[in-house]
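In what follows, chain A forms one complex with chain B and a second complex with chain C.
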Partner chain A sequence: MAPVDAPWEEKMMTFLTRRTALLAAATCAATLGLTAIAEAQTSIKIGYAISRTGPNTGGAAVTTIPNYELWVKEVNAAGGIKLGDKRVPIEVVQYDDRSNAEEAVRALERLINQDKVDFILPPWGTGLNLAVGPTLNREGYPHLAATAVTDRAPELAKRWPNSFWLLGTSADAAKSLVELLNKLRDEKKIGDTVAMVSIADGFGIDLSSAARPALTNAKFKLAYDKSYPIGTQDLAPIVNEIKALNPDVFIAFSYPPDTLALTEQSRIAGLNPKVFYTGVGTAFPLYKQKFGKNTEGVMGIGGWSGDSPAIKDYLARHKAAANGAEPDRWASAVTYASLQMLQQAIERVGKIDRAAVIMDLQTGTFDTVIGKVKLENNMPTRYWWVGQWQDGEFYGIAPAKNEGARAAIVPKPAWVAP
Partner chain B sequence: MSARIAGFGATALAALALLALVPRLGNAYYLALAISLLQYTVLATAWGMFSGPTRYVSLATTAFFGVGAYTVAVLGEILPWPLVLLTAAALGAIVAGIVGLSTLRLSGVYFVIFTFGLTELIRQLVVWFEVNKSRVLGRYVFVNITQADIYWQLLVLTAAVFLLGWLIARSRLGFALRVIGEDETVAKHCGINTTFAKVALFTISATVMTLVGAIMAPRWTYIEPSIAFNSMISFQVLIMALLGGAHRLWGPVLGAVPLTLLFELLSARFPNTFTIILGCIFLLIVYMLPRGVAGLFEKLSTTAGGKPTQRVAA
Partner chain C sequence: MTNAILTGLMLGGMYALIAMGLTLQYGVARIMNLSYGEFLIAAAFASHWLFTGWAISPFVGLALVVPLAFVLNFAIYKLLLTPLVRRAPNRDALEVDSILATFGLTFVIQGSMLALFGGAYYSYSFLAFPVQFLGETVAANRLAALGITILLGLALYAALTRTRAGTAVRAVAVDPFAAQLVAINVPQASALTFALGGALVAAAGVLVSTFLTFSASSGVVFTMKALIVVVMGGVGNMLGCLVAGLALGLSEALVASYVDPGLTLAVNFALFLAVLLVKPAGLLGRATR
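What follows is the complex of A and B.
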């Protein structure tokens, strides 16, 4: 303010010059700001920390890393992500979280505060996605968890509105499986004896504790229900015991190593129930490589619409980009779809505005390889829960109401000599 | 002497006050790094407190750290936070007491193997319980604790550990332990209750480790046995303490700080060759600094002003 005792003209002058100066300063700042923004937008920085070493490596190497790399390559080949009326390429910053929760959290904090990335892609697996949840929420980054299955997903989505749980809940997985069995029994294709084994780890426990009451309520006879510790080498005793019980349905909520071991052992022992279902790993390309013709009729968790042109095209592109390696038939396509969703959300917003991108992810409809996706309460409305190997492809068969669901082949054909 | 102690105390307090301001920097990355530094400082110092004077190499750090983390996973949402920490400390002390009484008669490599097995044993017990009794594996920790809170708690614990270590070193217990470290048989003949001394110190050191696990747990939201009982922690702490020099109270810090920074630098700059570079660095450390950084300092100060010995320069 000008001095009170100054003459009127002087006051006016001071006011004017001040206002002019202010205006000039504001214009300058705006111009500078604009240039700064224009400069910052020569690329979009996308960061991720992924397990390149440690126990999560296998899962990350099959499901997550190839899709991140494929997506970045494709987007950049097309000129980048469209911001307003121009395209800006993606610049990647990536770290190894060494399959360690503490490391994953710290790597994300480094990405956010040091590398100042615009967006972050999530790590692989349920545990690590939960570990990084609070950080991404606090910093306001969208969190598209495409490889986490947790029963608390709906609650987490409420707690962290920036998080999206694209792979669903294990309770849902068990429910879909039991519904399928129920239908098969109504069609007189199977009886009601079920043998169930589960791995004594997060996945096995969650699914078996959801499946147990569902099976009992549906009046199935649970003839065998045991768990085995993680890292069990010899599964022959379990398979032989189950074979003696001659069940109609064999369910294994297993992890990749034991999924392979149980299948191999069942083939050797001749355990060939009408429904043969194994857990994580059944949908892996490795499973097909290892068992070839013997995969026919094997059911497992996951699946995709193998007949859809979008999926066929995705499979071809993935193979071309990853030296012939195929994606798994469960979380891979979902992971790729999550990246398409992120890209579409950014392009619709038209600038790096994470809050707006989160809002768009919550409310928008997305065109992806797994079809049209519209989230409700930050979760998709449809999942593939049971898949079956049919003629060398792992097709989704349940929930049956899903578009592209194939009919189940029951009973499972006999094992053949490899 | 007492003036020197007072001066040292004042410096320590000033340093503490300064360190307490780190969260004010407002950079979450530096805060995370500081948390990591404090975590390993406390763990390595607690490790050195027991293993330094007694020369028992323990790989049980993970076991106690995990017990602390799991206590938070189970009780975090039920009890108020100070009670959770108290319970964790009590549990750690009880486990350490039992383990100490039953194993500290072992010596040498047998003790190393046992402590390594202990981690696996506790982890399998937790898994067994969760699988067969509670039927959940993987628990969620939703407590109202910010990163700054974690940092401050660790800072207080760091101060407490140093104070405790300093007091013990000046006490009869500390003296007894040094005698045991030199020659246990002689110590027995001198009338020292060696079992009591060892178990007491093992318990103190383990309680501190358990507290670190409990304080760190809210950082991860989700805890399962493989996260809480990650045996890498045991090895990292061991290496840090050895690099720093476990025979001095302040030795392990000299290892914990540079190694934590080195891990950070390597994982930031060489994410894909991290393990290879790390292995080479460990080899260098073992060959060039057999008595740790603390040993190097001592050597330098004894050859006052002289050149470092050839071994160090090599």
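What follows is the complex of A and C.
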């Protein structure tokens, strides 16, 4: 596209080429129109731009990419997506968004305008999903954000009716955690001192600013409440100070590297409160791999119904497809479920009609690995907010009303030597 | 207090370790190596692979990875960087050229690591148990890393000040043209120093991998940290590197313990700025131009 300040000749050229292209396209369409309809769809083009490089790679490589690949493989092995009475295979076009919002939007525009994909799968993470929201909305593509946690989700769902926010809001996450703590205190399993740390970045700021008032309103004593900058390489001072305060509850709204570092340091310093909760990364297979028996009783954000046959089956298929790599126990299953929803919506509509697919996603009921899903105001009605490692599996424990919720193991068992 | 100081020393030791190689590469060989952090991560991956795949302890891994890194870096200098050194009319031009060349190298190394290991986070447990040291509980792997850093630092310092080759290296650092006048083979000394820097960063990568979580794209963090330490300590100055690393680590640990962990970065950069305002050539650097 010619820049705004380009000389007029250049603009003219662009205009001419564009008009020529349009004319050519129109002629083609006119002459080939009939055959095109008769040939119909031979494949469904699905495009995505995902973080293959840059800081988001760690998350995308665990949660998003394996699920996209698993789903495409399974659908194509079954013959494809059912359009009317025949199955049509998926053709994938993918780019690297380099963990960069502008690059993600550019890649999406390329997918839409140049590759002319039928559907688009979203990028990984809250930031990038917010960044691509306007483009997907403008172009009328369904946007199934399965890895974004934001308090603006209800508002965004209203503003962009094509967008679906499947992972919920941070206020909800904090509320569920505090409800669980409240219940544990009522059962006299814990006292009321809480130590909270958070990373000074999107996730940590959102969660801690939602948890702070919720904890104070529930009359918990916040003995420690501090944040640390992203990329902090030694969290020992924080852990040591908290240990000296001897709290009943330790909450860390952390990112994967710090989640691992905080757990490691707590074990070394012997910080073993009755409730030990860490943030993103607790649900990662790497966490179990690194801490083994020491995961027992650790709580974290996320969780899934580990006892459900659908989840067990999903876990087995994921491992088989991804070279033995396990999914994470939070957004992975939701991501896979979002793909099942997309497929079911397309099949119910029976043709590539994005507006109808969006409508079906808004109103339909879907059968997925995380159970029956029916969206209300473009958001699910139930989420897993607190999970706990119990016997090598990260089970959802809160909200307690969720089907398959396990009882929390409190107090957390002591750390053992690795 | 002891605890905060100990933590600070361990963190500072790690910073110094990370930066030692860069100060050699930048200060002596005049190569501003932007792919420095990627080399560190590559060594971390090597150590992870040896440990999880072959049950080879990272300490033994050091003996394998470090010489390999030396040879690899020597080859890189000879094949990729020597042409740049030859055609550069002066130091500034070489700096610009080497920045561009090693920036490209960043993508090559990062891309290879992504292809081999994928983008996920990696971490393993080695010596991850508490030990009592000076009456405080610290992590054994961090303490071991500090010990090895001190050994490496002392050995390097002795080599640079007590041996003939070391003196030659220092002469090249001060003035590569004058060094030629006293029959020092400057290209050879530069190549060896660059390779030595590469060996040091590999050692840092192996040690850091025992206690930090890393992924194929986390190299840039280490390049930045190393650059700060090198510039703050005085480019090409080993002792300056150690002093600057420890100063950063101690300030970070003290601020995190007594003020607020949220201010560690601010204090780091404030210290960096203050040093540069008072001594633009770094703590122990000499103003040459």
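Assume the second predicted complex is superposed on the first by the 380 of 418 C-alpha atoms of A that agree within 3 Å, B and C clash if a C-alpha of one lies under 4 Å from a C-alpha of the other, contacts with A are read in each partner's own complex, and residues count from 1 in each chain.
As a convention for this text, contacts are C-beta pairs under 8 Å (C-beta built on N, C-alpha and C of every residue); 3 or more make two chains touch, one makes a residue touch a chain.
None of the values given here were measured: they were computed from a predicted structure.
In the superposition on chain A, A:94 makes contact with chain B only, not with chain C.
By the document's definition of touching, neither partner reaches A:187: not chain B, not chain C. In the superposed model, A:227 lies in contact with both chain B and chain C.
With both structures placed on the common chain, the touch criterion links A:200 to chain B and to chain C.
Of the two partner chains placed by superposition, A:403 touches none, neither chain B nor chain C.
By the touch criterion stated above, A:313 is placed in contact with neither chain B nor chain C.
In the superposition on chain A, A:51 makes contact with chain C only, while chain B stays out of contact range. Shared-chain residue A:353: touches no atom of chain B or chain C.
When the shared chain is aligned, no partner comes close enough to touch A:367: not chain B, not chain C.
Counting contacts as defined above, chain A residues 52-53, 55, 200, 227, 229 meet chain B in one complex and chain C in the other. Note for the complex: chain A touches chain C at residues 51-55, 57-58, 60-62, 65, 99, 197, 200, 226-229, 231-238, 240-241, 256-257, 260-261, 264-265, 267-270, 281, 284, 286, 290-291, 325, 417-418. Listing the residues of chain B that touch chain A in their complex gives 27-33, 36, 124, 127-128, 130-131, 135-138, 140, 142, 216, 219-222, 224, 226-227, 230, 232, 264, 267-268, 271-272, 274-275. Taken together, the chain A residues at the contact with chain B in this complex read 52-53, 55, 94-96, 98, 100-103, 105-107, 109-110, 112-114, 126-127, 130-131, 133-135, 138-139, 152, 159, 200-202, 205-206, 209, 227, 229-230. The touching residues of chain C, counted against chain A in their complex, run 3-4, 7, 10-11, 14, 110-111, 114, 118-125, 128-130, 137-139, 142, 211-218, 221, 252-253, 256-257, 260-262, 264-265.
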